[in-house]
Amino acid sequence: MLSFENDYSRAAHPAILKALADTQEDLYPGYGSDEVCERAKARIREACGLADGTPVWFLVGGTQTNQVVIDAVTPSWAGVVAVASGHPNVHEAGAIEYSGHKVLTLPHHDGLMDPDELDAFCRDFYADGNFEHMVFPGCVYVSQSTEYGTVYSKERLQAIADVAHRYHMPLFVDGARLGYALTATGCDMTLEDLAHIADVFYIGGTKQGALFGEAVVFSNPEWAPRHFLTQIKQHGALLAKGWLLGLQFDTLFTDGLYLRIARNANVAADRIREALVAKGYELTFATPTNQIFVTLDQPTIDRLEAHVRLGFTEKADDTHTVMRICTSWATTEAEVDQLIALL
Amino acid sequence: MLSFENDYSRAAHPAILKALADTQEDLYPGYGSDEVCERAKARIREACGLADGTPVWFLVGGTQTNQVVIDAVTPSWAGVVAVASGHPNVHEAGAIEYSGHKVLTLPHHDGLMDPDELDAFCRDFYADGNFEHMVFPGCVYVSQSTEYGTVYSKERLQAIADVAHRYHMPLFVDGARLGYALTATGCDMTLEDLAHIADVFYIGGTKQGALFGEAVVFSNPEWAPRHFLTQIKQHGALLAKGWLLGLQFDTLFTDGLYLRIARNANVAADRIREALVAKGYELTFATPTNQIFVTLDQPTIDRLEAHVRLGFTEKADDTHTVMRICTSWATTEAEVDQLIALL
Amino acid sequence: MLSFENDYSRAAHPAILKALADTQEDLYPGYGSDEVCERAKARIREACGLADGTPVWFLVGGTQTNQVVIDAVTPSWAGVVAVASGHPNVHEAGAIEYSGHKVLTLPHHDGLMDPDELDAFCRDFYADGNFEHMVFPGCVYVSQSTEYGTVYSKERLQAIADVAHRYHMPLFVDGARLGYALTATGCDMTLEDLAHIADVFYIGGTKQGALFGEAVVFSNPEWAPRHFLTQIKQHGALLAKGWLLGLQFDTLFTDGLYLRIARNANVAADRIREALVAKGYELTFATPTNQIFVTLDQPTIDRLEAHVRLGFTEKADDTHTVMRICTSWATTEAEVDQLIALL
Amino acid sequence: MLSFENDYSRAAHPAILKALADTQEDLYPGYGSDEVCERAKARIREACGLADGTPVWFLVGGTQTNQVVIDAVTPSWAGVVAVASGHPNVHEAGAIEYSGHKVLTLPHHDGLMDPDELDAFCRDFYADGNFEHMVFPGCVYVSQSTEYGTVYSKERLQAIADVAHRYHMPLFVDGARLGYALTATGCDMTLEDLAHIADVFYIGGTKQGALFGEAVVFSNPEWAPRHFLTQIKQHGALLAKGWLLGLQFDTLFTDGLYLRIARNANVAADRIREALVAKGYELTFATPTNQIFVTLDQPTIDRLEAHVRLGFTEKADDTHTVMRICTSWATTEAEVDQLIALL
């Protein structure tokens, strides 16, 4: 059966599976203190235009990364600001609160944070005489691309960073789908740009060709936590065979594989979007990345789901539902053709 | 200078100060294991129409009580549902998140929770296929009276309790200003009613005549936590000289003092409300309790604040501010006369 | 019945009860932002020989203070070093672990920490290649006097501070019974000395004449936490009527009351110790402060407890028990006479 | 260079690498809700002699598993009892305390817990009048094999379980090296026995042939946590591609691979032990599993380390060091021969 359900239902890119199969004879020191990790980190720094020694760390999954990073860069008495639709606010089972931090929410605009609203929130916070009884904003979280597949422009992200810095907070960018954002039609931001704007961000592997893994980059060393390995271990997040993460990112950052396979997903999505519009479907959000949201009536859903797996998002009204069509690094032209034929 | 700034700016009711002065020669066992506490608990159970042995505990302050109780009755993997304006969501510096629980928010209606919205929230939560990645609602929190001085009717609170129970959650009622609610004009709820409807609630002392202290009542023994003394200690909330709390509640629950002095605040507030309306002021919310919210322009504020301290709530618009006039158990007729003359 | 059970069974010094009774007509701003607190803080700074503006804060109880202070000055990924008999390790129901920090224990020597053992612990910690998987020592905790009533000399405490600083940790001194330590026969340390040696310490009120209250002094401003009021609130530890704490410490630090009444307890204890020795009792520990530990057989315990309440400490062997005789600021000569007559 | 440094320096058993390479074309639902996981769970239940439906869960690593399981089965106000040398007490960077629980320690006997000491600890705890101010024992943790490579007999583990149950606690057995324990010479315990004695345990994959992964078995359904998936997610421990864990355990539990490759490590270790004894080396502990501890002087260490990597444990005295020789599922006869030749 055809599936456009999500971007993590395939194992991994063949190059990664092959690299893994070739490790049979190797011997690795534990916990990421190996040469493969070092090489992968060097490649990532280079791709980001960052200096040697810039801290790069590998973690296993997205929620884990959000929890560990936010906990590490946010003061214990402060919260993290995110849009209400942000992943840590909705779909992480309280992993942030578990580490003691409140998620302070702003409205989202097709998934995006508005820098002026962030500024107003912080200004009001400090203006209110009683703010010492409230949770201080201590970190700003956004994701690129967003939960709704939209993308921050360089200008908008810089404006958010400027506000964050005005109030002495780091800007943390969740890049679970970073490649899909950076290679989207119309995206004016490069990996170097992102590394320059954000204080810390991560490059998602799980949804972009790896079996698992996220690479955290503390591009602004001012916010690099002390004893981060210990903090990772304290959160139960340290992988014994850390080289598994290095190996995957080494592969993804060799010969531009990471962005190349991300672009593949966007090309597929663009074709599907075009077909949807041509056939008169209603796109719920205008998105340039690998996630397409479309509002469908039940008969259409029933007809499609007989042949293809889609993702459920939410009820739009009594008779319509927002469904997600999600392409990935692994989506083939043939699959796109089949889907379009079904529409 | 006249003050209607809040309801905790006076020391304590004379009967409490006197009782305290009389303890000079006494000898008390520690941590609340004394006869005065036992007597106070018995009086509270009686006033609530509860069986002997119903667990009653004394804590020092409101935020502390909210933190300790919510943490004790909410599963570790669940959150507490409150209206967005609720005290734990806004003015407790993240004390709930500090204990690992997310505050799940519903809209407020003049400070009140809507039982249908609570039901819809819970229903959607369980309907969404992905709810296991979300924070479960594990406890319902409301305050009586609310942050905006409004009061739950018996019917509305019962409806909220019914929803809570439908989803296997306890209903916790914050009674920091419980006396002001129960003695308000139009309130159809008695202390017995509250004890019957809520699973756990507290009777506020700090804002109602005590130096400090809140009495937690687990009126539904099904939700009484195991080893609660240890849990209190674990939160750093166990008072060594626990008899201080017993003594104050023993005094407040002798001869109906608690409700009598609360009524005094409401009578004073009623007179002020009447004068405000007569003089054409705009009441921001219609409240029957000791908190009056009034929307004022800056010249009026300046004129009043030359003679009387008021509470700041929030900016209403560029030229108006919502101010709070707060009476208390200690407010005198003379003070009310002076304020009315100033209006 | 006579009681030498503990040092917190009397209400409070008459001067405090009187000061409290005199507040009937007063009006106070909330949360410690009042003039009485300011005055009390100034008196404490003066008594400690500290500069104007040195941060002084008031909290309600000892476990609460240990939790809030240790959490504020210890990095989130680090633990606090204490002797195994230390109060946070044994009698605080896990309040430190509740805030996420491990208590790292060293052996005690009659309740005291050995600076060389502290140094060896830290040295080994950093020497072990795998220390990044262990809990870093992030703060050193001692109490003056100790759980066993013993007292640190200036030299020993300075040596501990030196080790702490060598490993970039603050030294936190729990002074729940500080007055009893400073006024003990043979103690060579003044309050000024302590303030000079410790980075943060607290002056205990609960066990030394106050109804409740502990005054935290960040004598080394380098370790003063940011937004400490918010941190206190976050822990549920902020007293609404904070002036209650200021009033008590203002009284205790007027005309040297604090040390004077502490000395009273020691004078009483010295007389009892002398009598015990004269009558051939076995002192379990040699202590110069208000806590006397004596190993008794059951018939003696039974005989004494018919007339006087003592404190149970632990079984010494099958037929002997370590009992505690505890004097306080309130112990009278007559009570001491009665006890000695019973021995 | 030869390596006997640890048991997780090889990638994974060839059967696992092969199974993984074969997933290229597959499509999996997320978060472990797939058929491979179901099949692996069924195999594990069968190997343990447990009923259909007995909860089995897969997690990524050992510290993570200890944190998540202990937090799930221990009341929030309680601690976990372990021997002082236990992994959670020493080498998990405070992951247990991070989740709010104190590790309550007993002495170890060559790594093993003594059931009588556990009983005495609990009995004293409840006997002491003041135990409500202490941390309740709420869970018993042991590992099979222990940190020092020793193994619990069936009788000893049952005795520990009996004590745990007497005090209403679950017994949790950390099986990071379970196969090495169960196949050790002299071990009288089967997987079925363990499943019968323990309330919850895990079967370690990371150190026994998998790339990563631990299988948690709630063999006593009474202690199976509610909403465990959500709890896993809350701890940041839910693997998106959960089938990776299922695939590995499916492989390990097909045709007895798990125990077969574990036995290989023990056979190798037995040969090395024999050689060590024959050559007059001093074994620090008598261990029957894959970890050999040997006390060496520095010249010997220098001589060996020129050719083989060993594990450092701790300094024995000024001139001797305890080194660990660790075999694994991957150790070959040739490697053993080479090592023996070096001794």
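We call the chains A, B, C and D, going by the order they appear; numbering starts again at 1 in every chain.
As a working rule, a contact is a pair of C-beta atoms (placed from the backbone, for glycine too) under 8 Å apart; a residue touches a chain by one contact, two chains touch by 3 or more.
What you see is a predicted model; the values in this text were computed from it and never measured.
Novice: When I count C-beta pairs in contact, which pair ends up with more: B-D or B-C?
Specialist: It is B-C, judged by the count of C-beta pairs in contact.
Novice: Name the chain whose C-alpha centroid is most distant from the C-alpha centroid of chain C.
Specialist: In terms of C-alpha centroids, the chain at the greatest distance from chain C is A.
Novice: Taking each chain's centre as the mean position of its Cα atoms, how many Å separate chain C from chain D?
Specialist: The mean C-alpha positions of chain C and chain D differ by 42 Å.
Novice: Centroid from C-alpha atoms only, then distance chain B to chain D, rounded to Å. What do you get?
Specialist: Result: the chain centres lie 49 Å from each other.
Novice: Averaged over CA atoms, how far is the centre of chain B from the centre of chain C? Could you give it in whole Å?
Specialist: Distance between chain centres, rounded to whole Å: 34 Å.
Novice: Which chain C residues reach two or more other chains?
Specialist: As it turns out, chain C has residues touching two or more other chains at 77, 92-94, 98, 100, 132-133, 230-231, 233-234.
Novice: Taking the touch rule as given, give the residues of chain B at its contact with chain D in the complex, in rising order.
Specialist: 71, 75-77, 100, 132-133, 136, 226-227, 229-231, 233-234, 238
Novice: Taking the complex as given, what residues does chain B use to touch chain A?
Specialist: Residue positions touching the partner: 77, 79, 90-94, 97-98, 100-103, 128-130, 132-135, 312, 314.
Novice: Hey, which residues of chain B end up touching chain C in the complex?
Specialist: 3, 5-6, 8-11, 14, 17-18, 20-21, 23-24, 26-30, 60-68, 92-95, 98, 206-207, 211-212, 230-231, 233-241, 244
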